[in-house]
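Letters are used for the chains, namely A, B, C, D and E, taken in the order the chains are written, and counting of residues starts over at 1 for each.
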């Protein structure tokens, strides 16, 4: 038995609550961007053989709409997508442990319907995941508590959900959700706003060049965080907890 | 005598230049009209106006409703990227294979029936274009320098053919030509054009008209006189003038 | 007598057809060579081979090193998207404004000097092309049907001009023409081509050659006889033969 | 594996049957970039769709048809080559679309989806749409074939012979726009424009008449689809790009063949 | 604000100075899609760069120059129109690049970066590169102007007049490839190809000689750059697309003007 999802962190979340006997696969393979997905025959085969395809809905993962056309698709966000904060520059929902837990809960619900024989196992794993998440959240909050500055500049507009949770403040994102670049006026405003401040925290990702930031804020000292939102460098065994620990370690090096 | 086409006060301006002004003419069934005039006189422009391929800047053109026209442009630029044989090109005019064979036979280009249209020689192209024009069984044939680039043998044959066609199809013909000597004898009306109509009428009368003489010069009028004279009678192979016998020397 | 160009055993095949075979010829300085032949005989193809614009499939062409050639193609397709006036087009040949004015004057096209190249009429284009060819001060002039589409007045003038140029520049000339009557008198060698060289030599001797007669037919040979005869002497305006006086009638 | 690829292969073959003849016109008229232009300008269609709150798919199809009409109009003056007009329309609408989108918040457009599509995700509904459009366009092409061809060979001769030249040109452009607009959303613009031009260009070498070219183009297209699908199934590569790769290799291969002498 | 835009504006103006004349050639030769083709095929360059472990930027430039050479070669046979060849090269390399990339692991490519670039991210190093390339290409264009023009007007006449036609065509293609390859990485391919064609097409209406067209194209390009930068500064839109938008509007505006009678 197997279930399918879109990206690796999502697979980690589902793996955390799915019964041991159920295999969890994901579509976007390591090293490829989640925004440029093309389906391959092996994906199609896996997708067809899976009992479920867990995804985040057209709003957050529009590129997955075709993959989600099958009858086995389950939109994990349908229970809580009404929360307005989630839609604001935060398509990477898994970048916030609280949301991750909500996703896990939704997945667990569905799974226990289909696998009544594993119902207990699922409930048990969910409870343990809940605990781990609470721990993660508390640790990160504590780690960031004494940080005086909470401003950061992002290259990719995907951290709205994360900043909301931890009181961080995104000054600007150089590439929008659609990867379009920002205009001259915003840059001028950003430059003015940062006038006089020393170290600036920059969230970057492997596929984006740092150059626009360097050109604009060349005179400032840039502290570059190579966040890894797709868990490319993490082994699957590390699980969501391992992945997010890495993210929070990175965050704490900046704030 | 059916009127096929009539131009009224036609004028054309382009690029701040008056190219044609005040042209009045009418084309009737079974009449051959020839337009002569120096290069740049506006002959091709006039044909394009008559065919509605350009819009006049003044005046108007009346065409008989439902008029079937066969047109042969002065230059045809063929898209080199479209593979098309002469036969297929002619079929586009809506003719049968047999009719195509016959038309090419008549214009003396049956050799190139299967050749790609892009590769045939200049003179062959002219013959093919004429074949296309006549395949449409036109009521009006519009020919812009029909024998340009055609070899000597062909020139005489083609003019002969145009006359025969006129008789067969009972169609009107309007053509542009520089071959005064070959054309004069085969035409009913000559229009002498140089931005406006300088003079028009029967070939004989036009060639002595002062406007004509001014345009082509007395020197060439003499040459022409030689040509028309050449068609008034026959020469034997030594160039001596022999008796005027139409059936023998093929001129009329 | 300098040899400018020599073709040895030239052959050309395309599309499974032999278009030319076994052509041998040589062009010398200050000689005018005229190629005649029916449509599709391979005349233009031969010129292109001589100019290295196509590669022969057999045989070879020798060109005098550093030969300056003026070429006038049979058809010129001008890119309609390039804005260029006649003057600028001629300047591309590397000539001064003055020289351009003079050249256009000579070919009788000074009227269109400032016109866009795409808009000029067929005959005007021929004149412009000839002007370009001669602006290069060529050692060899290669002309493919130079007076095609040119008006009567112009035809005689242009052939006259070609002769004058030959004398002035002391260049070799090779041209294709169908105007046997106008060309014969102005040429040193005639090559009669129909996929191979049927016959060649002085105009007078060629026109009585059996191969020539076969190609153009006895009927047209008679016509031609009339033309050559026309150039052996002059006619008065009534067509009567008057005394042979070269200075008066401009033929030689 | 076979039944998995069946829908996708059928869709691609259906498209091929119609893109062969249409693609031949594209090559003859030198508008190889027609598809790309529509794809680029589709972005502006999306922007309009969002702006006026219309169904985006419909907005894209409508905008494509509109662009085609506009193009036909602009082209009538003949002062500017069609390919230049295409280039301007393409970059212009792309840029305007980007500017509009960067002015509004939170609009996600799947440019990559439009570009590369997802052939393997084609379902039976898509198949019906493709069949319907193919039948419509194919029927129009057959019915007007002689007139369309006349206009392409020589518009002035066609005009003199009584063919309504502007209407035929518009018809052709609209057919193209329709097939690109549909294809773009189903299989991606890369595949649809490549299917338009590459098989037809391959056929050019062997064809002696326009009809031969159209038919050979269908044949080469079908071969490319089958080869590409096999490649995709064996090497586990994306289906659309694999088909285009197969078509390209086929083209290069036939170019290396000697010309008939 | 001003000093923020200074580098970007200077870079764009420098590119304009060279894209005006080059773009005129692009329009005359009907290769409006040259830039897009190189941009698409750049992906294959990236794939090769990754495969053979070369610096990706260099690989892209090298591959662009290679494509241009290949194109010039293929075009010599004249059986297939240049725009069709461009289309095939473009879609073919894009597809092959995608297949290769989807077969290899761990690759992040910034396709959008290549396509849309970021003019505002231009720094002084880029400015030096652009200046150097502009000077080089500008010098070559000036030096060979007459010959390049002869070849464009009529290759056969040029050949008879002793100009090395293949070499001139190659030179032109390489200049184009160079400017596109550099422009693509610095300001994005949308901006560079739009700067090539749109100002030159605008100039077409007013020019009577090729030189006029080249110079007017520079002028229109410069106006578009200044307008676009102003738009970006006031409406906060991305700089590249704003410039292209300005150029497009300028084109549409001049098309609406009456023709000189």
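Convention: a contact is a pair of C-beta atoms (placed from the backbone, for glycine too) under 8 Å apart; a residue touches a chain by one contact, two chains touch by 3 or more.
Note that this is a predicted model, so its numbers are computed, not measured.
Listing every chain that touches chain A and chain B alike gives D, E. For chain E, the chain whose average C-alpha position is most distant is B. Annotation: 48 Å between the Cα-based centres of chain B and chain E. Inter-chain spacing, taken between the CA centroids of chain B and chain D, is 43 Å. Remark: chain A and chain E have CA centroids separated by 38 Å (rounded to whole angstrom).
Of all residues in chain E, those that touch two or more other chains are 27, 30, 79-81, 84, 98, 102, 111-112, 116, 204, 235-238, 240, 242.
For chain A, the set of residues touching two or more other chains reads 36, 38, 40, 180-183. Multi-chain contact residues of chain C (touching two or more other chains): 14-15, 81, 116.
Pairwise chain contacts present here: A-D, A-E, B-C, B-D, B-E, C-D, C-E, D-E [touch as defined]. The residues of chain D lying in touch with chain C in their complex are 78-81, 84, 260-261.
Within the complex formed with chain C, the residues of chain E that make contact are 27-28, 30, 146, 149-150, 152-154, 156-157, 159-162, 204, 207-213. Here chain E touches chain D in the complex through residues 27, 30-33, 36, 74, 79-81, 83-88, 90-92, 94-96, 98-99, 102-103, 111-112, 116, 190, 193-194, 197-198, 201, 204-205, 231, 235-238, 240-245, 247-248, 251, 255, going by the rule given at the top.
Contact residues of chain B toward chain C in the complex are 14-15, 37-41, 43-44, 74-75, 77, 111-112, 115-116, 119-124, 126-127, 145, 148-156, 178, 180, 216-218, 220-226, 229-230, 235-239.
On the chain C side of its complex with chain D, the touching residues are 13-16, 80-81.
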